[in-house]
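Each of the two complexes below includes chain A, the first together with chain B, the second together with chain C.
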Partner chain A sequence: MAQTISQTAQPAQPPYTKPRFAFLRRLWYRLPALLVALAILALWHFQTRESASLAFVIATPEAVWQTFGQLLSNGTLLNHLGTTVLEVALGLCLGVPSALLLGYLIARNRFAERTLGPYVVGFQAVPLIAIAPILITRLGGPGIASVSVVAALIVFFPMLMSAFVGIRSVPAELRELFRALNASPWQTFYRLELPSAAPSLFGGLKVSVTLAVVGTVVGEAYGATAGLGFMIFSSRFVYNPAGVMVGVFTLTALALLLYEGVARLERRALRWRAPQP
Partner chain B sequence: MRKLLAVLLALSLVLSACVVTGEPQVGVAKKEQGEVKKEGGGSSVGKEAHSAPTAEPTTEPTAEPTAEATTEPTAEPTAEPTIEPTRGATLPRRDGSTSNSELTPITLFLGYIPNVQFAPVYVAIDQGFFRENGIELTIEHGFDETDGLTRIATNNLQFGMISGEQVLLARARGAPVKYFFRWYQRFPVGVMVPKDSPIRKPQDLKGKIVGVPGKFGASYFGLKALLNAAKLEEGDLREVRAIGYDTAPIFCERQVDASVIYIANEPLQIAARCFEVDVIAISDYADLVSNGLVTNEKTIAERPELVRGMAEAYGRGLALTIANPDLAYQISRKFVENLAEDDPIQKQVLLRSIELWKAERLGESTDESWRLTAETLVSMGLIDSIEGYQDAYTNEFLPESYE
Partner chain C sequence: MLRLEGVWQRFGALEVLHNISFELAAGEFVCLIGPSGCGKTTLLRIAAGLLKPSAGQALFNGEPISAPLPEIGILFQQPTLLPYLSTRANVELPLALRGVSRAARRSIAQQALAQLGLAEFAEAYPSQLSGGMAQRAALGRALVQNPAVLLMDEPFSALDAMTRELMQLELLDLWQRTRKTILMVTHSITEAIFMADRVLVLTARPGRLSATLDVPLPRPRRLAMVHSPEFGALAAQLRSHINAPGL
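Take a look at the complex of A and B:
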């Protein structure tokens, strides 16, 4: 009887939630996105087929696929992808920790907020085009270093804001509790602030990894010899829209992959939290 | 909510379909408006419109192009700062037969930003040469030459100042564009070295670090041609380093041994900032095609008089600039913001540019230069063969003289 009651107390489970239908459930979950992709692909295919004379402007899906295979087999794509991944990684390594440190500082210290806050916000408004030449010159010309710094600058602000918001959102009563328990600063940070700010930090990190990809392309626009952004620009120079699209899709895939990686990390790191509605 | 999303999705798909298939109508509309017809010393536009049956509303032909002229440049989201044609429009007309309503609005794509190096265009506008040929010219500047040429190829624009190698590259991909007036008779790119450098000729670049803005574009293309002429490979250099477009800081700090630059302005700027320089002009070793007037084949087929009018008007502006650089400089001040009345560097830039424009017959292309340009592109692996290079240009629209 107790078993019956407990069963009826559970929300009704649809049949596809059973483990053996896990694949179908995942497919069903992804179906709308897949249908949108198919619709776009079909539209693209038919439009480009009708505009054969515009081959120098718009590539057909077939041409993009062929170019993808060609660039993959001759190693060009992997070479550019490797450079961009390295730049993204360096940009994140530079931008994220520095943003976290500064974000924590201005969230915890009113003096630091008053002193540094306006500069941080103001710096965000400085167009990269104005400072890129200085960066490039100081870093010995365009290359992985300057592109990584540009990517770091782009990821810096969203990450800083998420750190700031996350730390500021720690409930005051919990702080009081930790104080009453004589918790050390490290314990307060590790046991209270970090877990409380984690959802906000992961939100910021999700934005940052995709922005880092955009940042590398922006950085490569100021002069580079490799990278997916460079591949896109050089393909444009020779009126090769298929090469451009291969670069764009590879960048998109990279951004999605990074985002998914952070999302998984978030799920794993925040397992302790109550399930979100 | 789902319905709303579905409607939004459908709308976005329809919108994207419109964008993808949107066939520019500018050329067609202007064709309906009328061809440019030269009569005697002057010209008139809109003959067909005027000879149309009286039942046709007489305001229609003039209303259409006017609307296009005002909306077309601003409709482009990537449009760079544009000099409106009002300056030209306010000038007294030399030829009384051409009224505002008879002018054909044309947007000319120019690279870069307003600069004294575009003096011939400014002179031709200011002196009314375009208007005398029935053209109301609007300038549209843009950093992206590729984008400009693509828009010309799709007839979104009809004319632009584009470099020769871009025309060959675009044609290799099927773009129906043609070069009809060679503005730069000498390739304006060179290799700059410090005056005390041991590099005196292209062969001396062996084992050196050479800076280029990027490993694409006219500078890199010019360097490749120079290396070809000197029987050198890129691998013979110690490094071809991409240093971006702001050459001065890196060059002045001698981070590179030589730098590929635009010879009209950059050596002057470097000399003013750090030290004296020497320049190895690429045109002394390889006669490559540089910037010139480009149009599309549709315009050539349907409106040849318009193309002829552009060539003549621009040629007259060029001839007057070469003959009277001081006048050209003063006229340029009307178009170039912050160009001082007597800026010695900018005047030198103009004078050096003029040296690159001079020719026995202004605007004329030679087969040898186009062939060499195509061969250089082949050597770079950017096109498969030189086949068809002769279709990329024509001299048929050049007038006999620019009097």
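Take a look at the complex of A and C:
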């Protein structure tokens, strides 16, 4: 009897074989993005070659490449990169859990939402650049700790919002089901709320990792002596546009790498959402 | 088995249920019918221990129901499956929440899935199931705790007509085999008479029990019975008890 209905659904595990030329397929998939990069590179090359006044602001691709090699071989780049990575990691470790905690509280407790909600939103409207110097002096001056706090603050809001939206999106019927099954609060959290909120949390985390990178640059703008942000500002100070651009590109690469890491984690964790291959 | 004693329910100034008393005998199949908004779902939530009535009480084997009991299973209008769990894990959920060992719950769930014709979809996610299969999985989830009483809130109303008839027959078959006590809310006169030993009629707000109709049709029920004169007479009688226009 069940067979008659079953026909409308797909089988649970359709056979899946790895296609041949997987590498070529991936390349083909990435090709449009690579072409855009090539176009920008070409535009950049010809623009900087024709205008002498631009040379103080933008280095030629060749000069950037040269500086990159230089900074890499003498260890300067890796040194600053290490500092930035540490600051990003600390900022995320600080900002993400605290945002999740507060987001959960505001989502589940009307009183907390009424009391704290306006301040959370209001705080988001405060430009971090304006308060960063005050913050850094209050936190014992420029250094890894204070810069990490700036990074933590910048990821706080998107992470809190994603936690809030995720927890609020748990359907009322499923909550009722868990009540009917006498689930404990902890069981309700990790078997219902956490997995239901996961799509939203991963969205917030993707935004957060890239923002954390930006956060370290904001933090390093005020008296820091290490980090890619510092490298950018000090290069600009001595009119070395190539150094600025090497810093910018390294930051971009770092942000892309972090984003890709989260995206992979997301694909693994949310396999149930994707159609089976 | 399951008894409601003078149950009243108010939500603020709104009176939803007005002095409801009835009892289900063990193994009985009872349908609760009434116009929409007459408090049928509220009544079921009280019987399930999900809602404390404003006055009166619900009793299971003479004991007041203050919280949901594993002996009382509930099936909602929607399948309410967790989208991130496989069908098997969904069916296992009540056992997992009670701390039943992995091996034990797997074998129980496997059996339930096989009974419901879902064995080959055990590893599929709910999004890959048809509406009928999803509701079947929800039924499996309600059955793994082996409840004595099954409360059903319009369980087939979201299904298409053909799937619905099929599920009705399967449920009757399951009931006949397991002799569970079933209280099913419906808004279909045909479904109520086709399924039940007894039909309770609830009036529009505030909901009160206006009539009880015994259904003396023989078991097992067959789809063709719907067209018999006895069935027609019972349907007419039931309709006359329900004083809501357009039902």
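Here is the rule we use: the second predicted complex is superposed on the first by the 251 of 277 C-alpha atoms of A that agree within 3 Å, B and C clash if a C-alpha of one lies under 4 Å from a C-alpha of the other, contacts with A are read in each partner's own complex, and residues count from 1 in each chain.
Throughout what follows, a contact is a pair of C-beta atoms (placed from the backbone, for glycine too) under 8 Å apart; a residue touches a chain by one contact, two chains touch by 3 or more.
Given the structure is predicted, the values throughout are model-derived calculations rather than measurements.
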Touching partner for A:Ile136 - first (chain B), second (chain C), both, neither: first
Partner chain in contact with A:Arg191 - chain B first, chain C second, else both or neither: second
Chain B versus chain C as contact partner of A:Leu43, first or second or both or neither: first
Common interface residues of chain A - those touching chain B in one complex and chain C in the other: none
Chain C residues touching chain A - in the complex, by the definition given at the top: 48-50, 67-68, 70, 74, 76, 78, 80, 82-85, 93-94, 96-98, 116-118, 120-125, 127-130, 132-133, 136, 163, 166, 170
Chain B - residues contacting chain A, complex: 9, 13, 16-17, 20-21, 146, 150, 153-154, 169-170, 172-176, 211, 213-217, 241-246, 249-250, 253, 255, 382
Touching residues (chain side chain A, partner chain C) in the complex: 1-6, 8-13, 171, 173-174, 176-183, 187, 191-192, 195-196, 198, 270, 272-273, 276
Complex contact set, residues of chain A against chain B: 36, 39-40, 43-44, 47-48, 50-51, 53-58, 132-133, 136-137, 140-143, 222-225, 230, 233-234, 236-240
